[in-house]
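Got a structure for you, written out below as structure tokens; questions coming shortly.
Here the chain labels run A, B, C and D in written order, and each chain numbers its own residues starting at 1.
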Amino acid sequence: MGLEKAKIILGVIGADCHAVGNKILDHALSAAGFEVINLGVLVPQEEFISAAIETDAKAILVGSLYGHGEIDCRGLRDRCLESGLNDILLYVGGNLVVGKTDFDAVKEKFSAMGYDRIYAPGTLPDEVIADLKADLAKKGVRHG
Amino acid sequence: MELKNKKWSHDEFYAMRKDVLTHWATGAEVDFDEAVRYHATIPAKKHFAKRLTKAKKAGETLTQPRAGVALIDEHINLLNYLAEEGEADLLPSTIDSYTRQNQYKEAQNGIEESLRAGRSLLNGFPAVNHGVAGVRRVVEAVKGPVQVRHGTPDARLLTEITLAGGFTAYEGGGISYNIPYAKSVSLEKTIFDWQYCDRLVGIYAEHGVEINREPFGPLTGTLVPPSVSHSVAIIEAILAAEQGVKNITLGYGQCGNLIQDVAAIKALEQLAEEYLAKHGYNDCLLTTVFHQWMGGFPQDEAKAFAVISWGAAAAALAKATKVIVKTPHEAFGIPTKEANAQGLKTTKQLISMLRDQPFPITQEVEAEINIIKAETRCILDKVFELGGGDFAAGTVRAFEAGILDVPFSPSKYNLNKILPARDNNGAVRLFNTGNLPFTQEIVDFHREKMAERAKFEGRSASFQMVIDDIYAISHGRLVGRPK
Amino acid sequence: MELKNKKWSHDEFYAMRKDVLTHWATGAEVDFDEAVRYHATIPAKKHFAKRLTKAKKAGETLTQPRAGVALIDEHINLLNYLAEEGEADLLPSTIDSYTRQNQYKEAQNGIEESLRAGRSLLNGFPAVNHGVAGVRRVVEAVKGPVQVRHGTPDARLLTEITLAGGFTAYEGGGISYNIPYAKSVSLEKTIFDWQYCDRLVGIYAEHGVEINREPFGPLTGTLVPPSVSHSVAIIEAILAAEQGVKNITLGYGQCGNLIQDVAAIKALEQLAEEYLAKHGYNDCLLTTVFHQWMGGFPQDEAKAFAVISWGAAAAALAKATKVIVKTPHEAFGIPTKEANAQGLKTTKQLISMLRDQPFPITQEVEAEINIIKAETRCILDKVFELGGGDFAAGTVRAFEAGILDVPFSPSKYNLNKILPARDNNGAVRLFNTGNLPFTQEIVDFHREKMAERAKFEGRSASFQMVIDDIYAISHGRLVGRPK
Amino acid sequence: MGLEKAKIILGVIGADCHAVGNKILDHALSAAGFEVINLGVLVPQEEFISAAIETDAKAILVGSLYGHGEIDCRGLRDRCLESGLNDILLYVGGNLVVGKTDFDAVKEKFSAMGYDRIYAPGTLPDEVIADLKADLAKKGVRHG
């Protein structure tokens, strides 16, 4: 109240249809006071960008569960920059690569792609919410 | 186009076919008559429908993994490893997600990246890109019957290529490969496209080639009540039968309460026989498939083995014809072939240990069969009514009205009004029955079951209960109790 | 000495005690009064009997591994690993085989060789050699309640040392630690020696220290029919109660047929309550323990997980108070701590998934409970009669006469006349009832069950059937069908 | 018939009480035409030796299941030689060491102790019988 809610873009990227985690994150983030713009599943990169521009979002939360995350997530940071989203937070989570893999290697890979935070399979919403609050606070964004 | 549950004429079919085969270069490889001759050369032991029929008669439960990688030789090695080391009775070729979305260019890209990387960057086997010749290399090199498993809303070209390639079984359906897998593809379109696939199977049947068809039973895999998935399965069976399909396997995804799971398989068999007969399809051979728990898995492998085993036990006790097997890597990613074989072996051991002890049809099972049947009948009969006596048209209207409603579906054609949760014994019930056309008695039944749990837990039924149930198995419980 | 089921006087007990404590140097460390004070300092959460009582009330099934290594620090690490990583509710200290045979010198040698080799060359924890102080280091450093598990015919010194050391639970009995574990030790001697152990527990009880006692339920672990092991368990409960034991856990080893296993646990509980009450022991708290399959295991670890899971499921569905857990290394050797934790985690996952769904007492379960009860009553009443109203004397005579007879026992005091085999549903029956004092009706029941299987398999019941059944589970089946 | 049966000593060594495999081996070896002198379980080394001397046995089959095999089986070959059993076959089988171990290492260890054949956990009687026949035939022993 009083304060405006921080806007967050949420979506599952690429040809990925896993909807359950997305629905739960939507519910939890909304309950935590964020204004969630949930693009649902099967979201192309462009749609994340245009939604972020339209709503002046502070963060994009990309989900990828089905294994093609490595291919699908590449280049999103560049597109953000190209579109003038210079300061936006990029989070990514889910089952990001094909197969059971050492998570440190995955983290490195996605970090190199420009993601600010990378989440392991099975991450619970509370962790994401705490990080988001902290990162937004650092950027001087508060939310009600 | 007006969607009707009516067998397509050859003219209708062949008119569309011309276009379908142009969707990707490999479509040109399809030669139906040659394919019929090719099927005649497939030996009985590699024949899916025949193997299922035999198992049904013998009271066996067969094991089948999910598996698919980007490149042909790797795919062959994988399947043979699962047949030998994993003792799999039936084999799959799980199709990658780009192909499922008809993104053949991305699939091609995935093949090439996989070649370069020396490992599969695709989450399945891109059969369309590999074409008829590529598919046949698989069918010929592999030691068992193989089925196409995917999740493709528009699977027309994939069906053409894989059947011409010699696959003898094919998963999917116009509802079950739309509602859990798509966001904005209309049911009208997918049911129509799947009539094409079913008609193709029907035409093969007219030419003496028996191909097994299997609607995807578990849907979103997440707390789907038996009557909801049974309704979809039976509608798809009817739609397939109308197009001339003769060998059908109906599926169900484990809920986790043994009584409910055993009852669900029994009810599914009995209801499907009843509805097919009632609507004039008397010459289909029906079998059942039980999917081990399709929701979130525990990350710990030892715990995953427990979930796998419980699924194997329920499949065996319910006497399903086959069981689709999970792996100890489930929570993380596509399994290695070793992990896949482990899931298969665990399942095989349990199934063979239990094959001599059928679960008695107790009062509790009987009661559960009755409730599942009553619910399913409410839904099916209303769908038929909404369609003015037509299941195809009725299905489209039923989803609009929430008469058919699948929990956690990503599709905008799904109302998403019902909310499932477990009762105090772990059976999946509805704490919100949405617009499902249930009798007051059934609605009250669900309400009482939820009230019983709510009272036990000292909280009221809410969306938090649903969330707790979604995480429960991966966190070690069946019922998501408050901490 | 005339063996009688009669509480020892303090004089009798203390007279023998003097000698017992001289059997090995560490006996001198035992100071009873100091030990009683020591027990008073043990917190409730480390108290075995208290934890069991709580579980029984809450309808929980607790997990417990087997584990023991030669050296104290390694043993502590092992147990804490199993409590933390394995989530074990209850902990063991499995004693090595030299100690079990009172070969303390060999045990000492094993300790020294283990020190040199840097790994345990003993198959368990040599508690006598480590002495009271050594045992206390374990009890104090370990995070949960600990029990002594062994297989020692003459366990008097071991009992003295481990109880003074602060263990709060103790496995064994004069029959169950003789017949499966010894060759030429008379039952007279072992029952007598175990009266000592029970009396010691009784004297602790007189001083306000509650120690849980558990006869070893599964005996030889190999196709033991429920009524045979139940008879032994109930006799040992009575013998223990007479000496003043107040907290007793009765055990049963999984046979593999779910109906029989659920029925066995129910029948065991009910019969034990009945017989204890009937013979005047009204103040014992009874709990049950279910042993996961105790016979030969499959070598493949994935298959072993299936066997473990099925045991976990049966334990949970039967609502046993605790379950003793096997590991994926079972067929090969003493498990690593990792393998042991895996078995525990698999079990924990299944038990918690099933805790909300009790198995209904169906007609089939009821029938099985009735047959187990009828058989056990035949045996117990005959034992009592043979002993002229005394279960101790009766037991000795009953074994001589084959009234009590344990399959595959190595003991020459066991008649080895009965031959068990599975019926067509996998329940363990007798194809030769030997001299068991069954009614004609019961004998006919077994005969019919075996005939049914023989007919199904097209062969007659013979020793080959028994052999096939012994190998069956390790070869992937429950019933050993002919190839 | 006609031919005398070859005598075989069978037993489970040390403080080991595992009786099931022993009973099955007894049954199978007897059915295969050997005369089995089964010492049962809990058999000390001396008893194997004295039984072999007494009966003029051609082979001693030592079982060890419980994990102490390494300690218990040492020195049996020497005792044989000391007792004049110069030509006797020594087989050993079961779960010979503590824990799941690479079997090749176990084989080497027991081979060095003087055992002629070493069997892995779970060996079926048929394999033992075939080996025994072959080894005895090599030594010129036939049996009926």
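Keep in mind that, in the parts below, contacts are C-beta pairs under 8 Å (C-beta built on N, C-alpha and C of every residue); 3 or more make two chains touch, one makes a residue touch a chain.
Since the model is a prediction, treat every value here as computed from it, not as a measurement.
J.: Treat touching chains as neighbours: how many steps, at the fewest, connect chain A to chain D?
T.: Contact-graph shortest path, chain A to chain D, evaluates to 3.
J.: Take chain C out and leave the rest in place: which chains still touch each other in groups?
T.: A, B | D
J.: Need the CA-centroid distance for the pair chain B / chain D, whole Å please.
T.: 55
J.: Could you state the distance in Å from the CA-based centre of chain A to that of chain B?
T.: The separation of the two C-alpha centroids amounts to 31 Å.
J.: Between chain B and chain C, what is the gap in Å from one C-alpha centre to the other?
T.: Between these chains, centre-to-centre, one finds 45 Å.
J.: Give every touching pair of chains, nothing left out.
T.: A-B, B-C, C-D
J.: Considering only the defined contacts, which chain A positions touch chain B in the complex?
T.: Spelled out, the residues of chain A in touch with chain B are 14-17, 19-20, 22-24, 27, 40-42, 66-68, 70-71, 95, 97-101, 121-122, 124.
J.: In the complex of these two chains, what residues of chain B are touching chain C?
T.: Within the complex, chain B touches chain C at residues 256-259, 298, 300-303, 305-310, 312-313, 341-350, 352-354, 356-357, 360, 362-364, 424-426, 473, 476-479.
J.: Mind pulling up the chain C residues that touch chain D in the complex?
T.: So the residues of chain C touching chain D come out as 97-98, 100-101, 103, 106, 109-110, 113, 119-123, 151, 180-184, 220, 222, 295-296, 299, 329, 331-336, 339, 408-410, 463, 467, 470-471, 474.
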